[in-house]
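The chains carry the letters A, B, C and D, assigned in the order they are written, with residues numbered from 1 in each.
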Amino acid sequence: MSDASAGTGFLEHAPHFNNAAHEKRAAQMGMWLFLVNEVLLFAGLFTAFFMYRFLYTDTFRFLAFAELDWVMGTVNTGVLLASSFTVVLAVQAARAHKSKLVGIWLLATIAFAGAFLVIKYFEYSHKIHEGLLPGQYFSYDLSESIAKVKADPEKMLHINDANINLDQVGNGAPMFFTLYFFITGLHGIHVLIGMFLLGWMAWRAFKGEFARKNDTPIELSGMYWHLVDLIWIYVYPMLYLL
Amino acid sequence: MNELIESLSWMNDLLFMAESTSTLAPKIDFLHWQVFTITMLAFFGIAAVVIGLYIRYRRKEDHQVTEIFHPPLWMEAAFIAVPFITFMAWFTMGFHDFVWSRTPPKDSLDVYVMGKKWMWKYSYPDGPNMVDTLRVPVGRPVRLLITSRDVIHSFFAPTMRIKQDALPGRYTESWFEATKTGTYPIFCAEYCGLNHSTMIGSIVVMPTREYDAWMDDAKRNTYASRVDLGMTDQQATMATQGARLALEKGCARCHSVDESNASLPPTLGPSWVGLYRSERTLADGSKVIADEAYLTRSMMDPMVELVQGFPPLMPSYQGILQSGEAAALTEYIKTLKKDSPTKLGAR
Amino acid sequence: MSTTHTVEDGFPEKHFLNQGTTFKSWATTIDHKRIALMYLVTVLFTFFLGGVFALLLRIELLTPGPGIMDAQSYNRVFSLHGIIMVFLFMIPALPGVFGNFMLPLMIGAKDVAFPKLNLATYYIYVTGAAFAIWGLWNGGVDTGWTFYAPYSTTTVTKVVPVLIGAFIVGMSSILTGVNFMTTVHTLRAPGLTWGKLPLFVWAIYGTAAVQVLATPVIGLVTLLVAAEAGFGFGLFDPARGGDPLLMQHLFWFYSHPAVYIMILPAMGVVSEVIATFSRRQVFGYKMLAGSTLGISLVGFFVWGHHLFVSGQSTFNAGVFGVLTMLVGVFTAIKVFNWVLTLYKGAIDFKTPFFYAMGFLYFIIFGGMTGIALAVVSLDIHWHDTYFVIAHFHFVMVGSVVMGFLAALHYWFPKMFGKMYSDRWGLAAGLFVFIGFNVTFVPQFLLGNMGMPRRYYQYPEVFRTLNVVSTAGAGLLGFGFFTILILLVVALVKGKVAGPNPWFSKGYEWNTSSPPDMHNFHEVPVLVDAPHAYEKVPEGTLKAEEEAKTEAEGAHHHV
Amino acid sequence: MTSDTHKSHGTGFYFGILLALGVLTFATFWTARHMHTGAFHTPLAVIIATVKAFLVVWFFMHLSDHVSSNKAFFLTSLFFVLLMIGLIVGDAATRLPSANPNFSAYKEMRGPW
């Protein structure tokens, strides 16, 4: 065992690694590979979305415009971006071995995540209330919604500009909400997992664990959280804007 | 070429191939023989090399030191090129035949096929409905429009070398031209539940005259044993069913079905007479052939492919027409030809 | 392990098997070798289970009409056979057992990159397997292992627990892939560059990449189908505007590359075995390593060849048809290189070598029939017939199980330090080989005749060939049973193998058999390429070293 | 881990990235809803999302500091995402029209064959 390049040798590491830097490199790589798998997991759903969007173009575009709340979607995007920022600061604090600070930034992140879920809750309950539900549970009268849009010249401006054929709207509407709930639901589960992960890290941080030890756990959970943000960056325009 | 295939037909017996009874079968068999022969040659070649090398280079001592041998470049290139060229040649031939097998000739006889747990139902546009037994004339291309009522089935006629999955709620196509009279099996090749293995039908290939006689007979007499297809009345052929539907659902209010009577005012929608397979110019200037798919789409989504010069008035019949009814209407439209005014459903 | 063997015999006093013999020392071990053995026991059990169901199927098919079971049971049994063999045996078998055991030894590492995760993947796998088997026991499923919608979403059988089991097993597979890829990247011993990696390591690396990239998609599909079956969201339901073909696309996006999860490690094993037993570096190392990566990459582009007659577009059929040919080209490259490795070699025809040659036979026929199936027009006739069954059993049972057996016989002395009887090994191998051919060659012919797969009853014309096939299955089962007895006998009273019974220059033979708990007593420095048996031009320093190691090797001569 | 192994960017830098992300989010929204870009707004939204994703991956996730294999892994995953979406949606676009849901707003599009 050739031991340790200077400067990092004092850190603990598992016996099958040469030194802590070596171990950290492996951990980062493992995490990236895990994230690759997460990307492919969502890609399956994205494929389904694009396939049905291709088949039911007008419906999907109309529903994205008229039935999804762009305000909530945009606010949620902002919330997630901000949470990503606080995680970065936590990682930075961990690198500086300021364990308490790590905990504080992580708590901030969890608060943002909570806000995200609360907004999501309002969005969901509104959809459920209206009957904008997946598959067989869909019970919403689209003709009313179409009439409302037709009556609003400003909205018609967008409809015409986006070339949405209102006569075609209707077929495949339950499918849009199937996909809406699957994509946001799977994403929401990831948010929840992320919250637990960050909560655990925060607990460790307040115990002062990151004052001495290396910052790998924080960095890896941070990467996981960024992935949650990354997925949302695509989900947001896909569902709310296109 | 045909003589060559004929003279090699013993290969089929060697390979236990099903009898070959369609125009597609010799194409597939011929390629199969080539693939088989080359595979066997390759295998015996490789086996001979392996055995030869084993005899020549057996180990003499436990720690024997061997000679260095670097592969020459041509050899590496050959390892890539030979299989690549062979496989691509096979693919090209195969894909050529595949496209051919996917392109039904224009004059083919249409039969609607529906898979249902666990039986096959056939519906002749201007004739009877049949269960399990499909009757076709020899020497005439038959196009199958295949659908399913419940889960995925697969229409498989081994002697015709055709197979096509039946998807619920939509139509897929296949076609064949029988070359021999006789009775041949039909299997379901896609697992569909409990009695999947008994979902067996048969194709009866008849001489043309016999077939015509049978068809005339079938048109005249309604079969007592006729079973509800879920597409039509028990008593009606698809076209007469379509004619009735055209009146019931109000199609004929806007679409002319009879142009022989010049005293009638022009209709709101395009005339149905001579519509089938004609080229339509759409509102956006593009052109489309009015085939089954187009007609069905126009019933369900009339505004998407609106014909030039007509007002956007027609409502969607989505949910109003069952899929079988749409097929019946389509068949009715197909009977309306310019030169021969139909007796059916005149206003 | 009996302790009568002495260090002088070449049997180490302390090794990973006797460092702690309590149940807890096994259940909580993070040693890759022990985890590998736990995998070995588990996959042998699932293989046995799947094999029993296969025999039941073959017995049922002896007669054209109903035999020992009714149609519903038959449908469940073939689903059981498929699900157990694919998800619980084939996918974890080679990476889980031999990947785990050999990968660190071959790259001169003390363990895999994440030992705790490694143990976790084993338990996740066991949990998933338990879930699936529980579901299969409690009513079972009758969908086949492919779970095609809308049949799987409307069947009355309980698909949900089985799907969740498959999802969990998939997670285990992903994490194994993550672990192995990281291991290869970060834990190679000093001197071991990418250009010198043993081909088995390349194969495991290619496999791991497929596991990471493809498995999440099957995870998603199982979840979606389960949700669909449970709640009717209509994602694949044509009545609600869904597209059943989408399910097939997503399913095969995983399940075709999954074939390469199974076959690539077997190819790696064969590369090692052929090199050792002909005392040559594999011919065309770069081509073999390159074609491994080529297969794992191109393996992703070919899934559509399962959908040629399903209603997929003709255009897509063409694209997938061409791309499928490329897999054939890569496989052909491998076959040529393996064969030419024998050239100017020093061939020793031992049991592992027999299995490697058996593998070659099966991959030639399995591969060539695969190419034939990918020729689009031929697939019209063969799709979903017994021809396909025979083809993928040639590849998945013939090749993969031959690879598995080659690995088992090749590394058995390394894993347990004991040697089995080579004569009995060859005899058992012959049983398996002949039994396999008698089972599956008639199935090619049945496919030619047009017998569709998953048939409970069949027309009388198919009878003779089915009877032959069943007889072969009996012989095959007998062969496997012989191997089991052979190896158990060897385990109990086999001779001491010594560290390097095959006089191999593969890296894993550098340590004692069975290996030490920490694999190596000191960090190995790997200068020569693995399997460097060849004469080196005279006068170089390397040649002298070579001679020295030769002399040392002679010490271990049994 | 001491700072010498990492390029340390500082809070200000990260805040800058956050601002850029916010601006880009607004840009997606604006181009999609108010700029009347017509058919172009779909690719535009994808491009903007990709730029945002790049910022997050490269700076927030520190991919820029990581070994090149990590970069390769991530790029590979994106390649496979495109492959999957492309070939599957491509199938829907080129298959026999009647093999698609017959009430989809789907116009006949034929492939080269």
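Heads up, the rule we're going with is that contacts are C-beta pairs under 8 Å (C-beta built on N, C-alpha and C of every residue); 3 or more make two chains touch, one makes a residue touch a chain.
Computed from a prediction, not measured in an experiment: that's the story for all the values here.
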Path length in the contact graph (chain A to chain D, fewest steps): 1
Dist(centroid_CA(chain A), centroid_CA(chain C)) in Å evaluates to 36
With chain centres taken as the means of their Cα atoms, state the distance from chain A to chain B in Å. 45
Calculate how many whole Å lie between the centre of chain B and the centre of chain C, each centre taken as the average of the chain's C-alpha atoms. 39
Could you list which residues of chain B touch at least two other chains? 99, 167, 169-170, 172, 301, 304, 316, 318
Got the chain D residues that touch at least 2 other chains? 69, 76-77, 80, 84, 88, 92-93, 96, 99-101, 103-106, 113
Can you list the chain A residues in contact with two or more other chains? 25, 29, 33, 36, 40, 43-44, 47, 51, 55-56, 165, 168, 171-172
With chains as vertices and touches as edges, which is it: line, ring, star, complete or other? complete
Contacts from chain B onto chain D in the complex sit at residues 99, 145, 167, 169-173, 288, 292-294, 296-297, 300-301, 304-305, 316, 318, 323, 326
Using the touch rule from the top, collect the residues of chain C that touch chain A in their complex. 109-111, 113-115, 117, 174-175, 177-179, 181-182, 185-187, 212-217, 219-221, 224, 227, 231-235, 237, 240-243, 246, 249-250, 253, 518, 523
Sites on chain C touched by chain D in the complex: 185, 213, 217, 238, 241-243, 245-246, 249-250, 253, 300-301, 304, 311-316, 318-319
Looking at the complex, which residues from chain C come into contact with chain B? 71-72, 75, 142-144, 148, 150-151, 154-155, 238-239, 244-245, 278-280, 283-284, 287, 308-311, 314, 317-318, 321-322, 325, 328-329, 332-333, 335-337, 339-340, 342-349, 357, 360-361, 364-365, 368-369, 371-372, 374-378, 380-381, 383-385, 445-446, 448-459, 465, 503, 533-536, 550, 553-554, 557
Give every residue of chain A touching chain C within the complex, in rising order. 1-2, 14-17, 22, 25-26, 29-30, 33-34, 36-38, 40-41, 43-45, 47-48, 51-52, 55-56, 134-136, 171-172, 174-175, 178-179, 181-182
